[in-house]
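Each of the next two complexes has subunit A plus one other chain: subunit B in the first, subunit C in the second.
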Partner chain A sequence: MLVFAISDKGGTGRSVTGTNIAYRHALQGNDVCYLDFDFGSPTAGAIFSVGSVARGTRESGLHEYLRGDCPQPRRVDVWAESDREGLRTRPPGAGRLVLLPGSEGGGELSALSEEVVGRCVQLFGRLEEEFDLCMVDVSAGRSFTAELVLAATVRMPAVPFRWLVFHRWTRQHIIAADGLVTGTDGLFDVGTRFGHDPEVLRDRIRFVRTAVLEPDAAELVGLRDEQRAWLSACDSELRELAGRHGVGRTTMLGKVPLDPVLQWREQLITDEDVLASKIANVETAAAFDDLAKKIVDDNAWEGL
Partner chain B sequence: MLVMGEVHTGLLQNSGEISEPACRQVLGLMTGETVRVSRRPIVHALSPDRLTGVDCVLPAASGSRIRGVGTVVSRCAVTGGRVAQGSSYVRLARSETDRRLPWSHYLARPGVIEVLGKARAADIAEGFVGEGAPRLHGCLDLTAVTGRFLDLVQTSPLLNRRAPFRMPRTILRWVAETGEPSIAFTLHTEQERTLRLTHPGPFTPAVVDLCEDLAVHDWLLTSLLVVVERARVGATPAAEVAARLSPAVDHLLHLWMPAARVEERLTPFWESLERRPGFSRQWRSLVDRVRDQLAVHTLALLSANAETGGR
Partner chain C sequence: MRLQPRQQLLELWEAAARTSYRDGVWTWGGRDGSNSISDAEQLLCFMYPASELPGFRLDTPNETGDDVLAALTVLGDSVEIPKLLLKVIGQYLRTYTAEDGRPIFSGGSYFRTQEDDAKVTPEQLQLDVVDSFSMSVTLALGTLGFLKVFRQSVRRQSIRTEIRELEDLAGKRLSAAMAGLLRSFTVNAFDPASPAGRALLRTVNQTGAPTRRVLDDLRRELRPVRAGLRDLTIGSGSQADLDNENLLFECGWTWGIVKDAPAVATPLDIGPQPEGVAADTPFLYFTVNALVGIADLFSPRTRVLSLLNDDQITLAEAIQRRWDLTQLYWRTIATYGRGTWPLEDIPWRTVDEKESDYYSLGVTAMVVQSLVNNRSADVDLDRVGAVLEELAIRARIIRRAVPGDPPVLMHSPGVPVNLHGSDMLGPHLLWMVSDFAITLLKRTIWAASIAQNTRMRERLLTLADQIWRHILQRRHTAGPAAGLWDQPGNVFTDIPVRDEEPSWYFSERVAEFLVAAATASGEPPLRSPQLVELAYQMLGEAEHLLDQEMVTRPLVAGQTIQPKLRTIQSALQRARTIISDRPATAQALINDALLDLERLAAARDSASEAI
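Moving on, here comes the complex of A and B:
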């Protein structure tokens, strides 16, 4: 299964949520690889706490591979190479967790050529033979990278793929997330132009809300009644707006609550963070765990 | 001089094994040429040979730049309708001249790379299969060539891509020379293996058959180890262990046929590997473990049924 992670804007929590989903999926016993296709800002290494590739790799990064400058992209075994003690041994029953880092200082793709698409097809095809899940961080907004993976997946009709569109729970983000999917040069538009069946494509896209502050969250306990009432009104307004923009409950795969740890630092939330040091919220870990199950649960992806 | 090659082996990307006619279609890379099929003791299908022209630097442990020009022979194979392979090799020969000749010259010698200038076979062999050998820019890349041939099989539109489990490809890199018989098989990373072979008499493609046969069995053993490890015997409930082991029973266990396709004169090499490291010994012990687990699970089910039935 190929899963593409995209968002309209940068800073929505796409990378942090995507990496945490990948991590949880590996803990659930699956072999997982994470491809950092966010060529402009390859941060996945930092989130997995692999210092040597914190801002991408200097040698054999994905960008270099796609340009044809190296025969195969570098692979980093997170269980072996993470600097975080709690990640450095593979937990019993966990699958492989492999990061394919972007190139340090690589920059966005500037064009789409036949050769680049061919290399992308080869890469996806081989990884899919080997891993239960290949999570691809596609970067923000309309980009050559998004076009690249749309073009590549058309050529591999038997390989299953899905899209996750990440957005924050605000007016601007809801409207933008809808626009990225259904607007001009959005996923449908470009995907259809490249030969995807629009009906099929529609069924393979789900939204994920990030850093959501629920009106009944513990963080809001100290608020005045007026403030709480206002937040509640906002939330129902947003729900109504989301529904109108096709970003509502039916097309939502899940949501991740706002977490104090993630607000301060981009990282994986381990069970240790939740149970031992208690710095992260148990709901956050549960949300990642739930998403990690739902990305492969066909019931969550039934036609709408 | 020296022969060197690579074999990439992987699980065929299809939900079930494919039939002999399907093998023929998948491997018929070009119409008009025949796929060679043998049926006993296991269905084995081999594509026609393909040539790739190369003008490259040859690997060398010493790091010296040795130029070679010629062609690489590649082919694909499917064993038991279930295991797919890409395989390439080249024979090195000293060039009569020290400059590149017209391509017609090299095309008349399929699978031969002519070495321009001075070179020692041992230096090239060590550069190819030795650990930590320097990789020069523009170096002969059999991995890329062979990988693409395996891709040809795996991306065939005749396959549904719903393989019963995920498994990495293995890569066997081999060198062969004429001389006093000896064989050394070494495991490197999880996916990489090397084989150094010295055989009596001149090189024939039967040596390639041997390498491919070894690669299939090494992949089977590696894969069965992974499946058993994933099942976590003793740490997960018996029913789950049984469920995780069942793909191995359905898709792998019946494929073990060591030396099935190996020419008589080369079988002593297999026999020596059977003594050490003992491929079949390890395979049998794993198979017994899998069968024991399933038997225990079945017994548990039967007695549970008997109990509920008696009530």
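Moving on, here comes the complex of A and C:
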């Protein structure tokens, strides 16, 4: 299964949520690989706490591979190479967790050529056979990278793929997330141009809300009553707006609550963070866990 | 007030979901088994609030409230719930459709026999009952509205096909229920000298006036009703001899399809119309019950969503005329005369010379409904309120019962209604009616919602609160029906506490009541013109003082008084905005502002006191 993570705007929490989902999915016993296709700023290594590839790798990054400068992209086994104590040993029962970092200083793709698409198809095909889940971090907004994976997936009809669109729970983000999917040069538009069936594509796209502040969250305890009343009115307004833009509950796969840890540092939230040091909220880890399950659960993707 | 409709409704939903959906399977039937009425009641526990209250809608998954989802979590998430509802509504509609395509409205397991050892025959089990017509009208309209809105969120072809099929089935059931209601309406004409005539005259004649005069007067009062009934064309009830002005009459619904009722001619596909056996005389209970369901046919929601097609509108109009006439008839009888109303002479005596508090409740229910529709004066409401109070006392709802108290039997097992005519097909059937408390409560809250005067409303709400406390105690606290009704043993020591399945009959009526209460609390508060007037006068003074303050204060940079004045100014602006809707709130704002202004003035005064 290929899962593409995209977001409407930068700073949405796409990478940090995507890596956490991949991590949780591996903990659930599946072999997972994470491809950092965010060529402009390949920082997945930092989130996995692999110091050597914190800002991409010097050699054999995904960039070089796609350009044809190296035969195979470099693989990093997170369980072996992470600098974080808690990640260094593979938990019993967990599957493999492999990172394919981007190239340091690589820069965004500037054009889409036949050879690049071909190499991408080869890479996906190989990884799909080897891993249960390949999470591909496509950068924010409309990009050549997004076009590349749309072009690649249309050539691999046998390989199942899904898209996750990350957005924050605000007016502008809701509108932008809808635009990214249905607008001009959005996923449907480009996908249809490359030969995807729009109806099928629609069934394979789900939204994930990030940094959601629930009106009944613990963080809001300190708020004044007036602020809370206002917030809850805003929330129902946003809900109505989201429904109108097709970003409502029926097309949502899950939501990740606002968490102080993720606000200050982009990192994996381990069970130690939740249970031992208690720096992260239980709800956040539960949300990642839930998403990691739903991502392969066909019932969650059935929709209406 | 202890009544919190939203909270209580969510609790009811949670309990109903838990009881209905066990181990991933929908379970039909409660205490009295599964039949076309009980199953409709079970579905309506969900569908009625969902279609009547915006905060409880299930048809727009994107907007379903979080607390609503939390209550229904047993049934699944916001997407699974409407899908499950589709499934069970489909089950219901298909189960109660005969092989020849005729929708079934049978009373089934709700039928009882007069003799304990007698057995209801299979033919009797199939008899259509007015209760089922009435419930089906409400359920079909709720379903049609639900499907209409839900369809907009659905893209999947298979679900869309199912929605279309259910729309056909529900539409058909609605048409058939309306035809059934038209064929169970009855007008019973009788001679004033007959026992029935004498009973009616005794009921209306509360002042001991000469019978001759009462009779003439009553004929005159009932003339509009008589004229209307004479013009009825389709359905039953048009055969009665109303041209003979000498005869007295009563009108309403019998318990099922009237014996020898003509078929309703309609282009709608409703399958073959069954023969009836019911006696051709109105029953108070079934009349009240029919009126409740019928009201949904011409509710604003039905019109706005245009849930009826043209042929159905024709039937609905025919029913509405009977609705109007029946209400007018019973209101005329119940409030006849200048002295004591017949309604106030509790218990009510029917023309077949039976007396019961339950009949008083039935007539009161119709009078309240008629008052609600006509937005009546508080004078009438005051007297009805007294009757409601008296009934609550007599039925031991707001008074304790002593051992062996007869009124307790009215709550459990209930009041038996003889289904005359049913003996044609087997033993004589009975219908057990045990909704006294909840019907009384529903009418009380209705009456409260139209009261224009604060004291009146307060009195009715207090009564409603007391009755609600009684009903809340009758909720099951344990067992499979925990959180649902009805466990009268909790209140009445004569009745043993039993651990059993819920009574959907009672629970659905509680849901209906809570919806009515929630609707009432959504309306703007009562406000008197005097209060608005006073608020305006206060606002005038405050604004004037503020203007003075603005003029006398020299504007100095860095002075902290200015923000204070700005706060006062915005408070007064807000007060002006809300003054006609919420005069008391506006006054509170103005009071605050006045106090602030006064402190400034007092400070200035003390400064000028220096010699």
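Points worth noting:
In this section, the second predicted complex is superposed on the first by the 303 of 304 C-alpha atoms of A that agree within 3 Å, B and C clash if a C-alpha of one lies under 4 Å from a C-alpha of the other, contacts with A are read in each partner's own complex, and residues count from 1 in each chain.
To be clear about the criterion, a contact is a pair of C-beta atoms (placed from the backbone, for glycine too) under 8 Å apart; a residue touches a chain by one contact, two chains touch by 3 or more.
Since the model is a prediction, treat every value here as computed from it, not as a measurement.
With the C-alpha superposition on subunit A as described, subunit C and subunit B fit side by side in the combined arrangement. Using the contact criterion defined above for the overlaid structures, shared-chain residue A:Q122 touches subunit B, although it does not reach subunit C. Look at A:M156: by the touch rule set out above, it reaches subunit B but stays clear of subunit C. Subunit B and subunit C, viewed from the C-alpha centre of subunit A in the overlaid structures, lie at an angle of 130 degrees when rounded to the nearest 10.
Taking subunit A as the reference chain, the count of touched residues is higher for B when subunit B and subunit C are set side by side. Contact with neither subunit B nor subunit C is seen for A:D83 once the two complexes are overlaid on the shared chain. In the superposition on chain A, contact of A:P92 is made with subunit B only, not with subunit C.
In the superposed model, A:E240 makes contact with subunit C only, not with subunit B. Contact with neither subunit B nor subunit C is seen for A:E59 once the two complexes are overlaid on the shared chain.
Superposition on the common chain A brings subunit B within a closest Cα-Cα distance of 21 Å of subunit C. Counting contacts as defined above, no subunit A residue meets subunit B in one complex and subunit C in the other. Residues of subunit A that touch subunit C in their complex: 202, 236, 239-240, 242-243, 248-250, 302-304. Considering their complex, residues 10-11, 13, 141, 143-144, 147-148, 151, 154-155, 157, 159-163, 166-169, 230, 232, 235-236 of subunit B touch subunit A.
Note for the complex: subunit A touches subunit B at residues 29, 31, 71-72, 92-93, 95, 122, 125-126, 128-132, 156, 158-159. Put simply, subunit C touches subunit A in their complex at residues 60-64, 78-79, 82-83, 153-156, 159.
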